[in-house]
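Across the two complexes that follow, chain A remains constant while its partner is chain B and subsequently chain C.
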Partner chain A sequence: MSIKDLLTPFTAWKRITKDPVTIRDPFNDRPGAERYRGFHKNDVNKCIGCGTCEDICENEAIDMVPFKDPISGDSGLRPRLDYGRCCWCALCVDVCTTNSLTLSNEYTWVTVDPEDFRYTPGVDKKAWDDNEKGWKKPEGNYEFYNINRVEMHHLHPEDRDKSFVEMVKGYSREQAIAEADRCVECGICTATCPAHMGIPEYIKAVRHEDMEEGLRILYETNPLPEICGRICTHKCETVCSIGHKGDPLSIRWLKRYIADNVSSDKYKEILNTIDLSNNHKKVAIIGSGPAGLSAAHYLALMGYQCTIFEQYEKAGGMMRYGIPEYRLPYDSIDKDIDYILSLGVDIKYNARIGIDITLEQLNKDYDAVFAGTGLHLGRSTGIPGSDNEHVYYATDLLRQITAGEEIEVTDQIVVIGGGNVAMDITRSLARMQNQKFGKVNIITTALEREKNLPADLEEVVESREEGAVINPGWAPQSIEIENGRPVGLHVIKCNSLFDDSGRFNPQCDITKKEFFRGSMIVQSIGQGMDLSYVSEDFKKDLEFGPRGRVQTNAHFQTSVKWFFMGGDIIEGPDVIHGIANGHKAAIGIDNYIQGIDFAPAK
Partner chain B sequence: MDLTKMFQFNADRSSYPELDANGKPIIDLSSHKYLKLWQGPQHPGVTGNMSLELTVNGDEIVESITHVGYLHRGFEKLMERRKFIQCFPTCIRMCVAEPDPNEYILSACIEELGGIEVPETAQWLRTLALEMARLQVLLRGVPGQAGTFSLGLGYQWGNYIRDLILDRFEELTGGRVYHMYILPGGVRGLLPDGFKKRMEENLKLVDEFLVNINDLMYNNIVFKQRAVGLAVIPVEWIDKYGVYGPSARAAGIMRDVRKTHPYLKYGELDFEPFTTTASDVYARSLVRWHDLKMTVDLIRQIMAKMPDKGDIKAPTPNVMHWRIPKGETYVKCESSRGEYGMYMVTDGSDMPRRVNLKGPSYTQATALLERLLINANIADTAAIMVSLATCPPEIER
Partner chain C sequence: MVEILKELEERFQVSDLVQQKDHLAFVSVDKNKAIPMITWLKDQAGYTSLTLITAVDWLEDGKFQLTYMINNPKNKTQIAARVMIDRENATMESAHHLWESVRIYQRELKEMFGIDFPGSPGVDESFILEGWVDIPPYRRDFDTKKYSEETYFPRPGRQSNDPAEYMKSKMYPNE
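Let's look at the complex of A and B:
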């Protein structure tokens, strides 16, 4: 130690002239940094209330509280923050499926009431709501889950345009697990699905590779998983929360993956339906479409003896006779239906109600009757020439194709209609043209503009891939007939379909005309119900609602107590509504037969 | 003039109490020779919520027992009930002063067991964040040693610059104390515009600070009188008591995970940790001063070498149900206090089966501190504790 050690510390005095560095709070304002994790903000109109923020919060600082009535795709809930628990880690922001939740850079908040520190951002107005700065989900390749869908393998157009082989190949094990991994289990899908299927639960079963559990969950609400896994209108995917910033989950393909990967001979064991009770009550079911099969399945589980009356040679209704084989192979239909029939459900083929047996007779022989007869009648455009024998209805043609009946396919075809049925017939006829002539020449036209086409986008894209010309935005005027055969369709430009009040009121421009040449014209502008099996006397007892549909209550009971109706004739049209209706009607029928007062007015 | 003799304190110290057959000191409180004295849990000389139960004879400590348990936490256990991503805001609290190594070792464990490869840019940013964390800790830790001898001036200087470093943390990570920046898969943001420039301005202040603190502390006769020769850790104790980092380097043992087992980008950086052999409080403090100097240099190297753009996060499985296959791992890094590691066991579920943190404070502030305090002066207790860089939250995690 030296004298230097004694003197050196005094060099600190050289700083005596420096200013103090203290911030004089609160006189000096000090805003938080650009990324500061301050108080929460929420864009309540962008938020869908999926609750993923609540799930990820490790402090349980977030509660989902009611904000408005739930609607399709929005739970109606919004996150409420408890600042007694929050640690401002901002995981809730990073995981947010809609990017609606952010943090501001505000960090001072003085209040006398501790309850104030529990608030719903965006709903309870705060001074920092318009604060632009603060934490947002980092940009770039930064996601807490994969927002891109695992691609499904499809047959290439050149491999599929001549045959009715199924074009969607299904997921492999790795693909299915990767796709199932994307789910955040928000349940918005379950709320939207007409059958309220346990979607997050069966997706979890895929993740855990527990197909048996997956199948059990599927059959709780849907006895036709093979079919729905292929052709469901997947309203669940439309609202999927991941779809807000990426691709929605392939919920439909995951359902198919479960059903495809369980052998049909294990179904009864897995679903515990080997020994079903029998309560010696009988229920007649008219039609073996989704609604009828669903009702038969759930009634059979409850011990009822069900008999299905089917007008055609095979069961399945529109699923078999309306949907082409390349979308829904007959094997898949048979797998689902065979299982339902194996539960002791009896089926009578080629049995037409009103002709072979009357409804009144059914009432005498059975304890209750359920009718799910679907929409089988084609609707005509009513334009001049539409009554020609070579002007067809899509539903008739699709049924004939399934039944193996000969169809006179010409080398030039015009299809009128822009829905999925129009695409089905377009693509079926395109395949047949390809088989017969080696080329496709089909024009499909519709009133709607391209972006408003009712058909699924993938159907339109795939139709074009297969060679069909989709030319929407035209209103059919007349079918030109020469020598008893159609030669083409006259159309004029259709500018808009609905007026300002949303009513159907097409506005056309008669100066823009077009002529689509075609020696075969197919009309596919919607279907109607065929209630010819209901006698006129019986009709008097039925209450009819708006648009000619029979009025039913929440359990699809008509004003005639023993007569239940469901499926496309009541709601839809699609398979999943039919399944949901059949399930609810089964519960209603059970209650009716047991004499329980059950159904509130719809 | 030899000042050593002039300032030498040669009190007549009592002999160590007699030992029993088991080697335990025989302390008879009823003899009125001894006094129980509690230092902590609330005491300015204790670096957090822990307490030392001292048995003193006059002003000489004859026995010391460390008591922890005032924080009531159990984060390791909590993590067994948290999804992997939820462990991320939990683990940082295991060392409040320096949260970043917690984030890093947790993320590294999860990434190793989950098979995640961290992008290049994210690895550089992680290295930067870890060095910035060391910088802000040492800016208080180095002058803090003088603070225990009532020289608080350097502490004020350091704290001011530390606040500026926290500003940099705030703009990089969104938080000043809990940065929550390094998360499983990567980091949470690129450098903001102009960050390097502002950081360099701050580093210049640290350069100046290093010179000033050198004058203030290491060439200070009072500091030398108090610190030199105080609480010497013999080399043979280094392994016996599990001494790591600066404390080991002060005893001449090169223990620095950055150098011995390079992780992240440390292998690409040029640095040589300082070692000395005196192994007393003065030597340990001097090692930290050199560490601070090295950290400034490392941050400059990182900022020069790191890419400006690139992926900040590797794609991970969905964090809401990220299940990690069965396995176990131990990941370590160099915190400002020494080797800081995490042992994690996974069982294939979406939560860790077991998490165990291995921090230097646990061994150093319990067994070693108890040993070092024997025969020390009461007034030196805080100095010895600080020289071991004791962090009670890390002991009681």
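Let's look at the complex of A and C:
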């Protein structure tokens, strides 16, 4: 040891009179910088458990753990951090679909148990939960995916309001790939879809331009992709995680893109249905709507010989006879249906059960019967004048338009109803008025107020674009008749529809009156089922619920074991429920025929 | 800065001039003119201080980009010189004779990107990755996740759930 080594420590003494440059008190806070990336925080009520944070984490520091029971749009899972792995890069924050995940600027945490460093932010309470500083996703245009959807080209109102040509043009290849690229593949949507379609999987197929794989995924759960790709009520899009801070994915249009881009002559090869087995069992299906077609499709795949009994000239039920051509062109319907029929499904047109053949006879001739007979009977408002011959039901007119029958179209029409069917008839009649008179003069009124209209928003917007007046919030009182035909509809203001206990109990203000002029009135306030094909004797064996609906179990089996029912008549009304019902019923019928018993209808 | 950039164009045929800020400019320069240019800037133009040397892996183009950022303390301007070199057998002329700290940057670049600087003292010694046998980890074809899966044991007790599968198991287990 030299003398220098001995003396060097004392050089520090020369600073004894200077202010210290170090922190005076180590026990005082030394906060991180304003945007420091410290420990995680999560607003668990905003978080939907989509798991995108887990996916992006290169360090696998995040697990999705149960927090509560899942509901539509929320998996019930929440991210748990492992600080043995986290590198505080904040990619999880930047990609978060709901902006619920943030970082505090807290960076000191001392504990003796290493397991403490695994915790679920927002669930396991931490001292920094209310820390406002730290890293948040920067404001402005900083997103890992495009929050705006690729716009779909629609025909302009003036190009569509005189004809029934399809108004939505469909995505191009570039558009579809760009739109599919926005999907984070969380799969939150799948639970909300009544058919539980593999949505992230088929969107991935679009991204990879593998239409054949896409088609296979579609047909696993939905044998009507051309149809659903156009007119599905797309509940999936309402829960899309991307929709929390932008436009939800155009799930419906991407489905249509796949179906549109596979030629029908390749279907059997792609879907591996060229040689189907035959188990020599027979199933009768009443009605060729979505439920019946779906049941027939899945039963045919299982080897059953299916025969569909259809009361009209063509197959499709409400999809053909209810939905106007400008929304769902007939060749799209035919493409889906022709494929199902090509699987060996037999169809008898113009065949009415109860008239041409009885249910009891079907039971003798077949191993099981499925009825998807839908809701076809228009409901009447029952107001004075509604029995006039120029007062119509929307369902009747829509069917007649499809069938090519001549219907009455006057130059001044009033439609009663605020649902999608009301919009369908409004827009169909508007087109016909335009063709006949060169102008549109149609008022559509509903009990519901504007924001509660049951119709899809786009339907309301497009109806208005096409010149129809949508004037909601009125209760119809009577139809004024002069010289044997209507001249208009008397209405009063409707303030609310439901009472405090949620029961249907419209409250109206009789002092606020209005008179909508119209020489033709159309009622579209809902549809009822037509069970006239079921004999009175048979009805005694069927179990009915409190609201007159036939009771079925989870397999859509009624209290008569060989008789299954599904679709609008049981659940819905919409196409995708019908498809899901038909699929489940097919599995139920297979179990039943194989002798597997299940819980009774309730 | 306009004059010095003009001079660099004339003397060293730099291209892609980008004046990022009033006091900061980027230039691209050929591999064989880079060290002469930096030497000239240091000895003749007052850029006496080295700020950093760094690299970018342009995997798809088969190139590495080296960036030398140097500073003129007098007029407080910065010049960043970009040099593209081949990714395969990546080699660059050493600049360790210009600044003492260059050998450290070059040692790091050798370890993290696999760019060699022949003659640079200690360039083959480990920088921070003692005993590293894999491809250099800053190369973009290095799979960080795969490496950590193979190298580190999983923490016991960790379990995750896929949102869609979890929702199915709770909401519609029988379908």
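Just so we're on the same page, the second predicted complex is superposed on the first by the 574 of 602 C-alpha atoms of A that agree within 3 Å, B and C clash if a C-alpha of one lies under 4 Å from a C-alpha of the other, contacts with A are read in each partner's own complex, and residues count from 1 in each chain.
Methods note: a contact is a pair of C-beta atoms (placed from the backbone, for glycine too) under 8 Å apart; a residue touches a chain by one contact, two chains touch by 3 or more.
The model shown is predicted, which means the values in this text are computed figures rather than measured ones.
Contact comparison for chain A: of chain B and chain C, B touches the greater number of residues.
In the superposition on chain A, contact is made by A:554 with chain C only, not with chain B. In the superposed model, A:58 makes contact with both chain B and chain C.
By the document's definition of touching, neither partner reaches A:353: not chain B, not chain C. Once the two complexes are laid over each other on the shared chain, residue contacts for A:188 go to chain C alone; chain B is not touched. Once the two complexes are overlaid on the shared chain, A:50 sits against chain C while remaining clear of chain B. Residue overlap on chain A between the chain B contacts of one complex and the chain C contacts of the other covers 58-59.
The residues of chain B lying in touch with chain A in their complex are 1-4, 7, 82-83, 85-90, 153, 157, 160, 167, 170-175, 178, 180, 186, 188-190, 192, 212, 215-216, 219-222, 224-225, 311-313, 315-321.
Chain C contributes residues 144-145, 148-149, 155, 157-168, 170-172, 174-175 to its touches with chain A in the complex.
Per the touch definition, chain A reaches chain B in the complex via residues 1-6, 8-9, 11-12, 15, 21, 32-37, 52, 55-56, 58-59, 87-91, 94-95, 103, 135, 138, 140-146, 181-185, 204, 207.
Listing the residues of chain A that touch chain C in their complex gives 49-51, 54, 58-60, 62-66, 69-70, 75-77, 82, 84-85, 115, 118, 186-188, 190-191, 196, 200, 554, 584.
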